[in-house]
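Scrolling down, you'll hit the structures one after another.
Below, chain A partners chain B and then partners chain C, in two separate complexes.
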Partner chain A sequence: MIGWLTRTFLPVLTVLAAIVVIWYAAAIWMNQPFQRDTYVRQGVDWTLPQLVRDTWNQDRPVLPTPHQIWGELERTVFNMAPTSRRSLVYHAQITLSSTLLGFAMGTVLGILIAVGIVHVKSLDQSLMPWIIASQTVPILAIAPMIIVVLGAIGLSGLVPKAIISSYLAFFPVAVGMVKGLRSPEVLHLDLLRTYSASPWQVFWRLRWPSALPFLFPAMRVAIAIALVGAIVAELPTGAVAGLGARLLSGFYFGQTLQIWAALIVAAVLAGLLVSIVGLANRLVLWRMGMSR
Partner chain B sequence: MIDARGLSLVFQTADGPVHALADVDLAIERHAFVSLIGPSGCGKTTLLRVIADLEQPTAGSITVEGVTPEAARLARAYGYVFQAPALYPWRTVAKNVALPLEIMGLPRAERMERVKRNLALVNLEGFERKYPWQLSGGMQQRASIARALTFDPDLLLMDEPFGALDEIVRDHLNLQLHGLWHRTKKTVVFVTHSILEAVFLSTKIVVMSPRPGRIHDVIACDLPRERTLELRETPEFLAIAQRVRDGLKAGHAYVD
Partner chain C sequence: MTLPPPLAGLALPAAVVGTIGAVAAPGFGVVLAGLALLASALWAATRRGYWVEGFGALVAAALLLRALPAVADDAGIGFWGCVLAAWLLAWHATTTLSAWQPRAAWLGRLQAVLVPLLFGLWLLVLWELIVRGAGVPSILLPAPSAIGARIAGSLPILWADFQQTYLRAVLTGYAIGCSVGFVAALLIDRSPFLTRGLLPVGNMVSALPIIGTAPIMVMWFGFDWHSKAAVVVVMTFFPMMVNTLAGLKAASRIDHDLMQTYAASYGQTLWKMRLPLAMPFVFNALKINSTLALIGAIVAEFFGSPTVGMGFRISTEIGRMNIDMVWAQITMAAVVGSASYGLIALIERGTTFWHPSYRR
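Right after this comes the complex of A and B.
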């Protein structure tokens, strides 16, 4: 047990410790010009330990230290009512809802596109180049247009953000499912032909179960980029609410602590979402008897 | 049961046309066990696939149960056993065997009853809930035979079903298959590489030769209908085996 713990966690903890050390050193280096200007302006003498302590505890540091970010998180995540507009839980939940809706829409769209491509030869040739081209256009350029166009027809709030999110999320699902739906062996297809099975039966009894091991890895990528899409989608709406809004207002007002806290929450959220999809994957494979 | 006349099949490949079958005439009677034997590339698998409507002949005619192969396939007239077991890994053994029954829309109770009966037929009772990867190669192939038998087709098409198995397992399965054929009175078309296997199982052996794939000789195998492994040591058996070997040799099976 102890051997397992050290084997599993020791490497991770070592890297973490190294990052923290480099982080604090970098904070001294990057925050000291402002700190020294301040000493000059105030006309105070300073010692090295004092400089180090002050660079680690500025109000608007260039690079905040981990304990400052933790303090900000404590304040805005744990010690604030989740309904407050300054609570990060409130903002995270807004981003989460558009992420989940965008992910669901993107997954369904991706699967439908893949089914079309696999079953209709003309779609295979006509659709795939467009799908790939769609991902070369920066989402940052498309997001405001979608917001404006949908705003003009009276759609605002959750749906436009989810659409932007699904614009990113559908892609890995479509590509993965095309591969997955084409993965059955010739032998397995021939077998159903000898039973003169209908295309519908071939799909549900062979193509769909064969594709599931491809669907879940695609969904793990999709949910992570759905979150990115949701954050990007919050920027052009005028930074009202959501993690993206916190990032943007942090930039406007030079609130580096606020930016970093939002970043950390977004990263934790992404990690959680990806793990949930990973768990669902294991559950489904286990139910299908494919985990050994 | 099966009647092929002047059957030819040419595959168009990047390297030019390949004559997989050339002018094949073959008649297979009901209740017969016919082996197709020959070296790789002699078209024995192709012939089996033409019978199953998995390939289309380019010339000649063929009927299966008096109709075209396509009509026979649509009527689910045959069960096909592939070289590999081709079990679906996400289905249990019972569910794999029930697959054709599901597709044919049989009610659940009848499916379960037939699965049970056919698994017993191939000595796989008690393995219903196992997944294919939990079974040995021989057991997997037996499950695939049970799957081909569940919907009770009169015709069984088998494409080197025991080719990938070791000799001991193979002898055992040959014996089981022989008993199965003897009891169920099915017509079997059996593709093989093995002379012993062909002589042991068949009532008729079709020796094929390659480039182009054609029938070189048809050898009647008039051993007693009920057979044991010891039969393989008898002079009658060895004489037929020798005829098959001579046929293969004359058909250039042993030259490169």
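Right after this comes the complex of A and C.
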């Protein structure tokens, strides 16, 4: 416990404290031109402590301070009914649902592709280069087009966003699972052959269990980028709900606080999702007797 | 493992249906294609001449493409039978080709290039045949030929967008983000306390949707390419820092001991041992960042930009329903993205040739 405190907790705390200090200093520096203009316009004499206090509490600051963002979060997360359209919980839940759907679709697709690649040689040779090439297409950049095109054929709402998330999420899962399904040693495969095990049995008894330690790290990456995909998919014109739409409307109306609050909620969501997958990883490996 | 013979067997009835259907409907080219398919399907079913069937499928595909204007939007069963047969034959030919184990090394390399190339070519041909044969509206999905024509017809616009987005925003941001991340990692590495504090924070930040900072950057740095470069800097900084820090830890205790027996200074140890060992990690970050940078710059342009740039073009042409222009931009982005990735992979191969993963 003491070891953990000094080895990890203290350094991380120091770094975070340093970030907060730099943040407040930067807020003074970045917000002061506007504040000085205001003083000149109002014809007030100002002192340094007054300038500092005012730059930290502007209405539409260039860089809002942490306590301002916290105030905004308090207002839109805790002190508002979650069903209200102005509540961030409402928007977060919309983004979350398309993230989860896209993540599930992407994971299933990635696993299926990996199984195909491991078992069919021609798929291995012809598909793998294209899977890698598929990720150099900046899908995030064309996400708005996909939304519009799918909207033209009557698909709107959750599914198009989930499709973009799944396009991003399938890649790490496919790559990780190919590696994982190939991870059993030749010795083990030979042993199962001496048992005259069917391909089905080899898959479920050997390949699948040995691929699980590869699946979970891949899923951690996948869920993080699934969230990014869902947020960007909410950017295009017409999106009225979701964290991405919140970013966009905050940008249009110059509401910096709204942008930062949405960003913080997105960050918290990402952290939560990644740690849930990490927890599931530990649980499964522990149940299978593979925990270290 | 090859796919079972039924694949080639299925092609035969499909070719028969295609030929008969083509004779019944107008379209002389389709009949020719059907006959070519019939011959090669028969050949494939009776003997092991997969060069013949592959060639036959290609000839048939060319004939079908020639016949497209005649049957467009109104393709009958003959056309679809031929498409199906050609696809099955091509699939079978690719399968046999990939199962082939040549003895000469250069043949093996040729095979490794040829199989995915043929696969991609067939994907394009099928795309063209299906989109134009079935008359899919071009708003949904334009045919590859239409996209190609659009690219050829608007090279000046594409070049201007490429300059604005890639040469200015992406390259500047990428260079700054990667080098600052690298130098920051070198500095942080000197203090174990900072390393322990910054690694968890950096890892967490890498998982965050950093692209969401794009509106903030546009507010801070204006509409021109500087704000896009700033987004790219923020996006590339953390992967680079985290990977370099991990790479600097790659040297084992025994390596350090060896350098110590040589009485090597910090700089010498860094330059001769730790940096070379860190190179695979650094290149990993460079590769991840090359795709991230392009995405970041394009998405940042959605939040306002001058009237030039890939992201600007994509968002405005969607509004005008010029989907082929959007696809031209996508093609350019994919080519540029693959080319930068490939270039970095080549440099990596030249610099880290000693790494076990390249040993044969």
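Please note the rule applied: the second predicted complex is superposed on the first by the 281 of 292 C-alpha atoms of A that agree within 3 Å, B and C clash if a C-alpha of one lies under 4 Å from a C-alpha of the other, contacts with A are read in each partner's own complex, and residues count from 1 in each chain.
The definition used in the following text is that a contact is a pair of C-beta atoms (placed from the backbone, for glycine too) under 8 Å apart; a residue touches a chain by one contact, two chains touch by 3 or more.
Note that this is a predicted model, so its numbers are computed, not measured.
When the two complexes are overlaid on chain A, chain B and chain C sit side by side with no clash. Legend: residue contacts after superposition of the two complexes on their common chain; A:L247 is shown touching chain C, with no touch to chain B.
When the shared chain is aligned, no partner comes close enough to touch A:L215: not chain B, not chain C.
For chain A, the partner touching the most residues, choosing from chain B and chain C, is C.
Using the contact criterion defined above for the overlaid structures, shared-chain residue A:L206 touches chain B, although it does not reach chain C. Aligning the two complexes via chain A yields an angle of 70° at the C-alpha centre of chain A, spanning the centres of chain B and chain C, rounded to a multiple of 10.
Within the superposed three-chain model, A:I111 lies out of touch with both chain B and chain C [touch as defined at top].
When the shared chain is aligned, chain B comes close enough to touch A:L191, but chain C does not.
Once the two complexes are overlaid on the shared chain, A:M288 sits against chain B while remaining clear of chain C. Looking at the shared chain after the overlay, A:I164 reaches neither chain B nor chain C. This overlay, made by fitting chain A, leaves chain B and chain C with a least C-alpha separation of 10 Å.
Touched by chain B in one complex and by chain C in the other is not one residue of chain A. Interface of chain B with chain A (complex): residues 52-54, 73-74, 76, 78-80, 82-84, 86, 88-92, 99-100, 102-104, 131, 133.
Those residues of chain A whose C-beta lies close enough to touch chain B in the complex are 185, 187-188, 190-197, 201, 205-206, 209, 288-290, 292.
Only residues 7-8, 10-16, 19, 30, 62, 119-122, 124-130, 133, 135-138, 140-142, 144-145, 148-149, 152-153, 220, 224, 227-228, 231-232, 235-237, 243-244, 247-248, 250-251, 254, 256, 259-260, 262-263, 266-267, 270-271, 274 of chain A touch chain C when the two sit together in their complex. Contact residues on chain C toward chain A in their complex (touch as defined above): 1-3, 94-95, 98-99, 112, 115-116, 118-120, 123, 139-141, 193-198, 200-201, 204, 207-209, 211-213, 215-216, 218-220, 291, 294-295, 298-299, 302-303, 310-311, 314-315, 318-319, 323, 326, 329-330, 333-334, 337-338, 341.
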